[in-house]
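Listed after this line are the structures, all set down as structure tokens.
Each of the next two complexes has subunit A plus one more chain, namely subunit B in the first and subunit C in the second.
The block that comes next holds the complex of A and B.
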């Protein structure tokens, strides 16, 4: 986990396009801020933040050379009204024509968009199966459109944006302390990771260092969340495969850890427990023992929690090429399951280490009224969670809160072809998917 | 010969005889017994359709816990269904984003009477922290009549369970009332 103070590099339209043509590092996101469109390339080690100005026509699209740019260009167009010139997909994204205005983040918002029927493009030989946004079960609101040939999925197309809550507009003009509640609710499955990334960005942007004990407690919470998220993901996969016994055992350990979190930190999901400047409260007396006991139980049963991988082999294979494009690990659902299982024992060990190394006192420092720009970066179980913030005199002027679901939904769309329809639920469960995380 | 059998069957008509009238005395006794005891138990079952109306996923985490073994909602006769056509209860999470208004209205309209609406979590109750956003209608109550509110961000599983059991009990009583009328 780290925070990176970033220097935004403003480039001309020519340089912007040249940069896009050289696929040196993966594109993580596009957003807009103060008349410019920003692109973040790279990874935790060396993120590169590039911006180019928007003129009356718009800005040069990156999507012809960078497939990962498509969804972001649509987002930027819907929220800020900046048009990607030469973009390969002009459909709306989060704006379904239901808001009382359009371009909510532009300096002058527009009149409401005309409602249109969502368009999907499939070959005529395929039958279409339409699922969602109300999907039954306990599932996030997304629309999945399958192009099927017999019992096999030939193509999957998604329509997202249903859970768009206007988070980027809500955080604007607020102090980091006041806006932290929104960061914690980007995606509850990674609420600690989001709160931490947000806090780190705010602290780095305003030059503030939280106390040592607060930092140690943050690490404890982050690792506990990683364990519960992994257990949840394993339970979801087991359930989708019809392995109810295994799902129950994974969920039981997750539940035990949530109860321990309630006891130790006062909240089952540790939501709002991390605040910019530090943490909201101290570890309850005996909280560390409760967590360690729960982890000991989990460790004892760990070998029995391994998912059978036979049905997962060959399902939703991320090719090496695709993996390089999105900077993720290649492999199929079996690889992802094995990866999760391996990660679990590491996460348990990290939680123990973090608990033992929580020294000193001091839970929080006040946030100075400063100006600056920074990125907070946290690795969560589903991928990187990072927040970019620009502060002016202690108030948020610009923000982008990114969830790994951006990556994972794109991967699902890209790898669904060839799977049997009956395996769809297993396929979806093999990725960690949050609708709210991308819809913002 | 086969054709001769065939012709005989065709001419002679069905062999199934006329049904006798039900024994009125037995039926009356059974009805009394059902009304008195079984209905309050058998009638106490609910089919829930979960609808994500913009949730961050927190309420879903706790709802999944309620469904699974530790809280085991199904032992009380409550189960989750996949279509509004089979649902008694519409259980809504999230602040009701405008992008999901239409889906919510369609789902509610498709449910058979009597329909219950449960607002689960602070967001569904009144919009929660997202109140006032351009993209949010601000709580289920702005659009549908709400029968039960379960507050919390997110509400803990035992709280969800207590709320749903109360609904179950009320439902059993109201059915008893209908049947004795």
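The block that comes next holds the complex of A and C.
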């Protein structure tokens, strides 16, 4: 985990387009802020924040060279009204025409859009299967449209935006402390990661340092969340493959850890336990013992939790090129499952280390009333969580909260072709997907 | 007296089958849940589900035809008739002479086709997929079943279940190769049928859904009874037997069902969910085994 105070580099449209043509580093996120459009390139080590101004026509689109930019451009168009010139997809994204106004984040919002959901486009020869947005059970609210040929998926398209919460508008004009509650609710499965990325961005932007113990406790929470998220993902995969016993065991351990978190931190998901400037409260007495006991149980059963990989091989293969475009690991569902399983024991070890090394007693420091711009970055189970904040005198002027689901959903769209309809559930489970994370 | 006895046996058999079908499904689900590490709902849950569904009104999609309301009745009726023909605890029931294996196979196919029509009627994609899978697997299963029937008919000289069962009881120790193959083929077909439950009832509700679920429950029971009667008719009372033999027959029948449930759930736990391709392959193997069964029975007959 890390936070970087960044200086955005304002470039002309020509430079922006030149940058877009050299796909040296993957695009992580794209958003708008005060008459400019910002793009975040690079990786955790060296993020590069570039901005270009928006004139009356719009701004040059990145989507022709960066497929990862398509959804972001649609979001920017829906929320700010900035048009990507030369963009490859002009459909709406989160605005399904049910809002009382359009372009809510623009300086001058427009009249409501005609009520319509973004259309799908399929070849005539394919049969279409619609699934969702309500899919029964506890599933992310997303409409999946399959173009199928027989029992094989030829194309998969998604329609998201059903859980739009207006987060970006809600955090504007608030202090980081007040806005942290909204950041924590971007995606429940990664609430700690989002809270932490948000807190780090706010701290870096205002130049304050949380106490050591708070930092250690943050690490504990982050690792516990990683373990539960991994267990959830494994349970989902096992269930999709009909391995009910395995699914139950994974879910059981996840539940045990959530109860331990409830006891230790006061909340099952540790929501709102991290605040800008530190943590909301200390570990309950005996909380560390409870967590360690649960982890010991899990470690003892760990070898039996490995998924059989026979149905996973070749499913949803992320090719090397695709992986480079989206800055993820290449491989198929079996690789992802193996990766997850290997990560689990590391996450457990990290939790233990963090618990043992929680020195000092300071829990939080007051946030200074400062101005600045910074990026907070946290690695969650599903991928990196990026938060960008711009503070003016202690108030949030601009923000963008980016969830790994942005990349994962696009990957699902890109790799679904060729799998059997029956394996769709396994395929979806092999990526950690959150609808709320992208609907903002 | 024998006529009355046969009638009493028939009535008792039908009552037992009606009572056993939902309970067997419930037991199967309960045991599956236990094996998965859940508490599981009561084995009597399907009864409560039926009661709940029958209380509800049937909601129909706008574009559905009469198929949605009529085909569930056809499906349930076909399976009910099949269930009344397959002997459970005794032979020599009133309907014995109609218990032709071809009739039973035809009734199973009819029930399957009617259920598939119900799924296709609303015109939604999911129902269509479920129907096409059902018919694909059904086609393979029926072929395998017909081959097995042919082998058994060659062996017993009749296609009547009761005649074959009576012969099996008489020469219980006779496990010639052809019969082993036939048993294996039937077991595979029943296994696939029990493990693959397509979502055929997505477009129907209320009493129509109840009928579809009843047909599903009956199909499982008919399969298990067929295997019991044709291959493992231990304890089945012969025609004209007394009450004591009936009691033994009922006990043996319940025991057989329990063993089948255990075998089904255990194989499911070992294999996981059965994919469509895997199911089709399994049925292909069943088809092959059925073919071998016919060949071996033929070879036995032509041997001096």
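In the analysis below, the second predicted complex is superposed on the first by the 438 of 440 C-alpha atoms of A that agree within 3 Å, B and C clash if a C-alpha of one lies under 4 Å from a C-alpha of the other, contacts with A are read in each partner's own complex, and residues count from 1 in each chain.
Here is the rule we go by: a residue touches a chain if its C-beta (ideal position, glycine included) is under 8 Å from a C-beta of that chain, and two chains touch if they have at least 3 such contacts.
Note that the structure is a prediction, hence the values are computed from the model and not measured.
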Taking the superposition as given, does A:128 touch the first partner, subunit B, the second, subunit C, both, or neither?
-> second
First, second, both or neither for A:111, with subunit B first and subunit C second | neither
So, does A:359 touch the first partner subunit B, the second partner subunit C, both, or neither?
-> neither
With the two complexes superposed on chain A, say which partner A:285 touches: subunit B (first), subunit C (second), both, or neither.
-> neither
Check the residue A:248 against both partner chains and state whether it touches subunit B (first), subunit C (second), both, or neither.
-> both
Once the shared chain is lined up, is A:136 touching subunit B (first), subunit C (second), both, or neither of them?
-> first
When the two structures are overlaid on chain A, which partner does A:308 contact: first (subunit B), second (subunit C), both, or neither?
-> second
Winner on subunit A touched-residue count between subunit B and subunit C: chain B
Of the residues on subunit A, which ones does subunit B touch that subunit C also touches?
-> 247-248, 252
Within their complex, state which residues of subunit C touch subunit A.
-> 32, 35-38, 125-126, 129, 133, 268-269, 271-277
Which bits of subunit A are touching subunit C when the two form their complex?
-> 127-131, 151, 241-245, 247-249, 252, 308, 311, 420-423
Which bits of subunit B are touching subunit A when the two form their complex?
-> 49-65, 67-70, 80-84, 94-95, 97-103, 107, 129-130, 133-136, 153-154, 156-157
List of subunit A residues in touch with subunit B within their complex = 94, 96, 98-101, 104, 133-141, 161-167, 169-170, 181-182, 185-189, 191, 232, 235, 247-248, 251-252, 254-255, 258, 262, 268-269, 271, 434-437, 439
